[in-house]
Amino acid sequence: MSADLTELYQQVILDHNKRPRNRGKLPTANRVAHGDNPTCGDQCSVYLRLETVLGQPDRIAEISFDGSGCAISQASASLMTTQVKGKTAPEVQALYKSFHEIVTTGNAPEEISDLAAFAGVHAFPARIKCATLGWHAAIEALKSDPLVTPTTTETHHD
Amino acid sequence: MSADLTELYQQVILDHNKRPRNRGKLPTANRVAHGDNPTCGDQCSVYLRLETVLGQPDRIAEISFDGSGCAISQASASLMTTQVKGKTAPEVQALYKSFHEIVTTGNAPEEISDLAAFAGVHAFPARIKCATLGWHAAIEALKSDPLVTPTTTETHHD
Amino acid sequence: MLDLTKIRADFPILHQQVHGKPLVYLDNAATTQKPRAVIDALVRYYERDNSNVHRGLHALSMRATDAYEGARARVAKFINAADPAEVIFTRGTTESINVVAHSYAARLKPGDVILTTEIEHHSNMVPWQQAAKASGATIRYVPFLGANVEDGLDLAQLDALLTPEVKVFAFTHISNTTGTINPATAFCAKARARGIVTVIDAAQSIGHETIDVQAIGCDFLAFSGHKMCAPTGIGALYGRRALLDTLAPDETGGGMVVTVDYTGARWKPAPERFEAGTPNIADAIGLGAACDYLDTIGRPAIAHHDAALAQLAREKLSVLPGIRILGPRNGEPRGGLVSFAFADIHAHDIVTFADEDGVALRGGHHCNQPLMRKLGLTSTTRASFYLYNTEQEVDALVASMRRTLKFFGVT
Amino acid sequence: MLDLTKIRADFPILHQQVHGKPLVYLDNAATTQKPRAVIDALVRYYERDNSNVHRGLHALSMRATDAYEGARARVAKFINAADPAEVIFTRGTTESINVVAHSYAARLKPGDVILTTEIEHHSNMVPWQQAAKASGATIRYVPFLGANVEDGLDLAQLDALLTPEVKVFAFTHISNTTGTINPATAFCAKARARGIVTVIDAAQSIGHETIDVQAIGCDFLAFSGHKMCAPTGIGALYGRRALLDTLAPDETGGGMVVTVDYTGARWKPAPERFEAGTPNIADAIGLGAACDYLDTIGRPAIAHHDAALAQLAREKLSVLPGIRILGPRNGEPRGGLVSFAFADIHAHDIVTFADEDGVALRGGHHCNQPLMRKLGLTSTTRASFYLYNTEQEVDALVASMRRTLKFFGVT
């Protein structure tokens, strides 16, 4: 197996793919968003319970994801849920920015070592959309009204 | 000038082009048809006075043509009028068949030497439509009702 | 029997390595590779004859026109159309179907029914959905039989669905997702007996088997050149002459009009009526060259070869743990492809691992999302074969699958 | 100054004889010839990278996708679009205009006005006539000034015609029949101030002068690759992003949908929304190569060269007996072409005689029948120039005209 491929399918990714964390519908969710990757049919729904402080959305109290897709997309969504829990929307945005940097350049800043497992994606540009599918859905969910609305994460420039 | 071109622009063609016979509207016409060559914008109207014998259409008593186009189309229409005058519709059809043979193969049967001037057209397949424009209009006119109807001679297989 | 050494030598692209492994190109249902003869036809046209067609009287223009119309006649002969004017050049299957669907959208009425099937490619489904929406007509689908489409379409249902309200029946000849072969001649006979217009999506059959539109008895047939050794950007719509001249053109502009004034225009007859603007001259000529190439090799031999490789692959793959194979069973007739899914490994991971072994496969929904959903799948992996593929390449495919299964711990 | 020896060496087709005379190709407004670099780009693609795009994860598919999307970015840069997604690949100008016209046909209403001009090519006239018919809108034409269109369009009339009912203003950048150059930037400013959508037919300008869609300020711009050194079968529609994503797609099918079920579909955003089916991958890459080629030579120099040859030809032809020349007067700005008629000799005879001298010209109505009729002509002869043409070729043109006049006894 080539170095690129070993780098892509790291142990942590395979582990999250096999035993996804926070998988399934969240009964207490007050936010949800759904992402499609039309190129491959991958789907990912993200459910959040967003805390409210003084009437304003605050931190993610609970999170889960559901859907189907390749090892990269499933592992990424799973790892994402573990990373964003307890964070505010701006914090999630900042983390996604670093994650996007990692999957497009392969360079991971030291402080976010957990997401560095996805550095191998950068050698497979066609898989970047897989790695970001869950993240897009989470960000959409954070932006969404408490009312449930379906959405798509298909964007054309990542 | 090449032999092909001299053969195409024979003296008789140049003559008919310069001094077209039977040109203009025919006031006594009881049949008319109009032909377009959409490839080049050439146009030709043919006016006939068709005699009636025992209530049936019989011979072309008078004929004229009008329109604009290249030397080949104008000379051909002019020569056509001189050849079909006095003929019945089946006779015109038969003559057109020979003419079509001449312009597509270059071989002219002896008995119709007048039309043989157009044998040179066969070396210029793109000009066959020019040479047959007036003929098509004449045949359409013969088929037309005594009522005037516009028509097109654009066909795709000559 | 095909002479594979000779055939493979005709295709320059095959002789390369991918990730240090010899390329095993098994993505032929997506697009096929091009033989030297087709590439040369393009180069020759651009180096010698390039000119605009139809409206020109100079030497290059006449040569280009002859070559372009010659290609039309060649394609007509390839599908045994009665008349070259029945061949309209398009960009490919999708555009061909849109041309027919747009025309029928303008003449269908509420109460009319468009019948299609549950196994269609999006390109033979969405245009009809749109035609139904635009006209107020209803769209219905012939369902399939068997959890994995093993038994093809439900023919009993088909008979029941061919009601007097049905005006158009559009169906695929061979499914790009399951390899199912529809009995096109029988379908057309049923439809014709009821006065229903038939539209065949021949994208997956045109490059493989002999297509005779008169024998099949269809009204329209759509296909893509790029799936039959021809360049990208060219394809055709066959239409019966009597129908074509009654259809409104989809696109309008230069070249398809008899006369134009500031208030309106009159259309030429087919094929010009449907070819507004400068056509794709070079690639049409390339399509003609592809017809020559395929007929020199012989389509019956090609069809046999491709189906045999697909059979072999189906057989060898079927023993892999957890595999689910779509379409006809082992040994039953199928098109030259096999599409499958593993319970625990996603098609994209399979395809990425196969690529490392030099094996080019397609993974996804194959533009057939509704079918996937009905099968409870989001995607499959598809291996599709063509005249230059070998039995060794089938082995390379199976070996690659085994390596991937092992990596993911499936045994 | 262009290095003509070097440039001519880039075009294999130019080095041939026609009827024993060196080819003098002056039919560039119909289609241009292709440099070696463009032909090579096609060959390279088919020999190395050919694969279907977008939906593939194997090496060839990724290479093909990168090359195809790279070509889109290259074309965007060529016209200075703000975003590659604003470039939709089409078959050419005619299809590009049809895409916009069909979309607006679906949203215009009775009372709305489509404004165009009397000097449009059929491809920028008939689709709007059809859009008017389909929607109940009215079509109006900006008239021209001067018996031979010497003074271009009537700008006073234009102001009066840009009423609040006008929703779309479609006009040609350079007329293919007269060489008239419309002040596109000024037209777009007037239209924008009134909230009118602008559609520019850039078929005759794209290959010659620098086009900057942001500086021009247009909403849509249509052009053909084959008129700018690129292969046949490819062209583009530029559309402002904000407008594109509001337009309904014309063709539907695979590749342009987000999700499909048996009842309907949702579209992707631009550009995919407008590119149903397998695109013309190779020729899009060829178009990218043509952009590279033209920018290496330099478009300002090309524009200057082509216009100078047309000026020279106009000047030298204007002394011939009985000639009537259309469009701008001697010395006034004009596109790289000159179109003329003789009182007693038809354009087809002229073109046939010129061909004997190796000179390739176009004769006819140039897809502009209404204009011809208004000018009292049925056809003209057109000589059109490009970067590989020389002053000697202008002389060959004039000499050929003299020989023909002599044969027909015009002195």
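So that you can tell them apart, the chains are marked A, B, C and D in the order they are listed, and the count of residues begins at 1 in each.
The criterion applied here is as follows: contacts are C-beta pairs under 8 Å (C-beta built on N, C-alpha and C of every residue); 3 or more make two chains touch, one makes a residue touch a chain.
Because the structure is a prediction, the values reported are computed rather than measured.
Greatest Cα centroid separation from subunit D: this falls to A. For chain pairs A-D and A-C, the one joined by more C-beta pairs in contact is A-C. In terms of their C-alpha centroids, the spacing between subunit A and subunit B amounts to 77 Å. A separation of 46 Å divides the Cα centre of subunit A from that of subunit D. The centroid of the Cα atoms in subunit B and the matching centroid in subunit D are 37 Å apart.
Across the assembly, subunit C contributes 19, 55-57, 257, 259, 348, 352, 363-364, 369 as residues in contact with two or more other chains.
Taken residue by residue, subunit B touches two or more other chains at 39-40, 124, 127, whereas all remaining positions touch fewer. Those residues of subunit A that touch subunit C in the complex are listed here as 1-2, 5, 8-9, 14, 39-43, 68-72, 74, 124, 127, 130. The residues of subunit D lying in touch with subunit B in their complex are 19, 345-349, 352-353, 356, 363-365, 369, 372, 378-379, 407-408. Taken together, the subunit C residues at the contact with subunit B in this complex read 54-57, 62, 65-66, 85, 257-259, 266, 268-269, 272. Subunit C contributes residues 12-13, 16, 18-19, 23, 25, 27, 30-31, 33-34, 38-39, 42-43, 46-52, 55-61, 91-95, 97-98, 118, 121-127, 129-130, 133, 141, 224, 226, 231-234, 250-255, 257, 259-265, 276-283, 348, 351-352, 354-355, 359-364, 367, 369-370, 373 to its touches with subunit D in the complex. Residue ranges of subunit A in contact with subunit D, taken from their complex: 36, 38-40, 124-127, 152, 154, 156.
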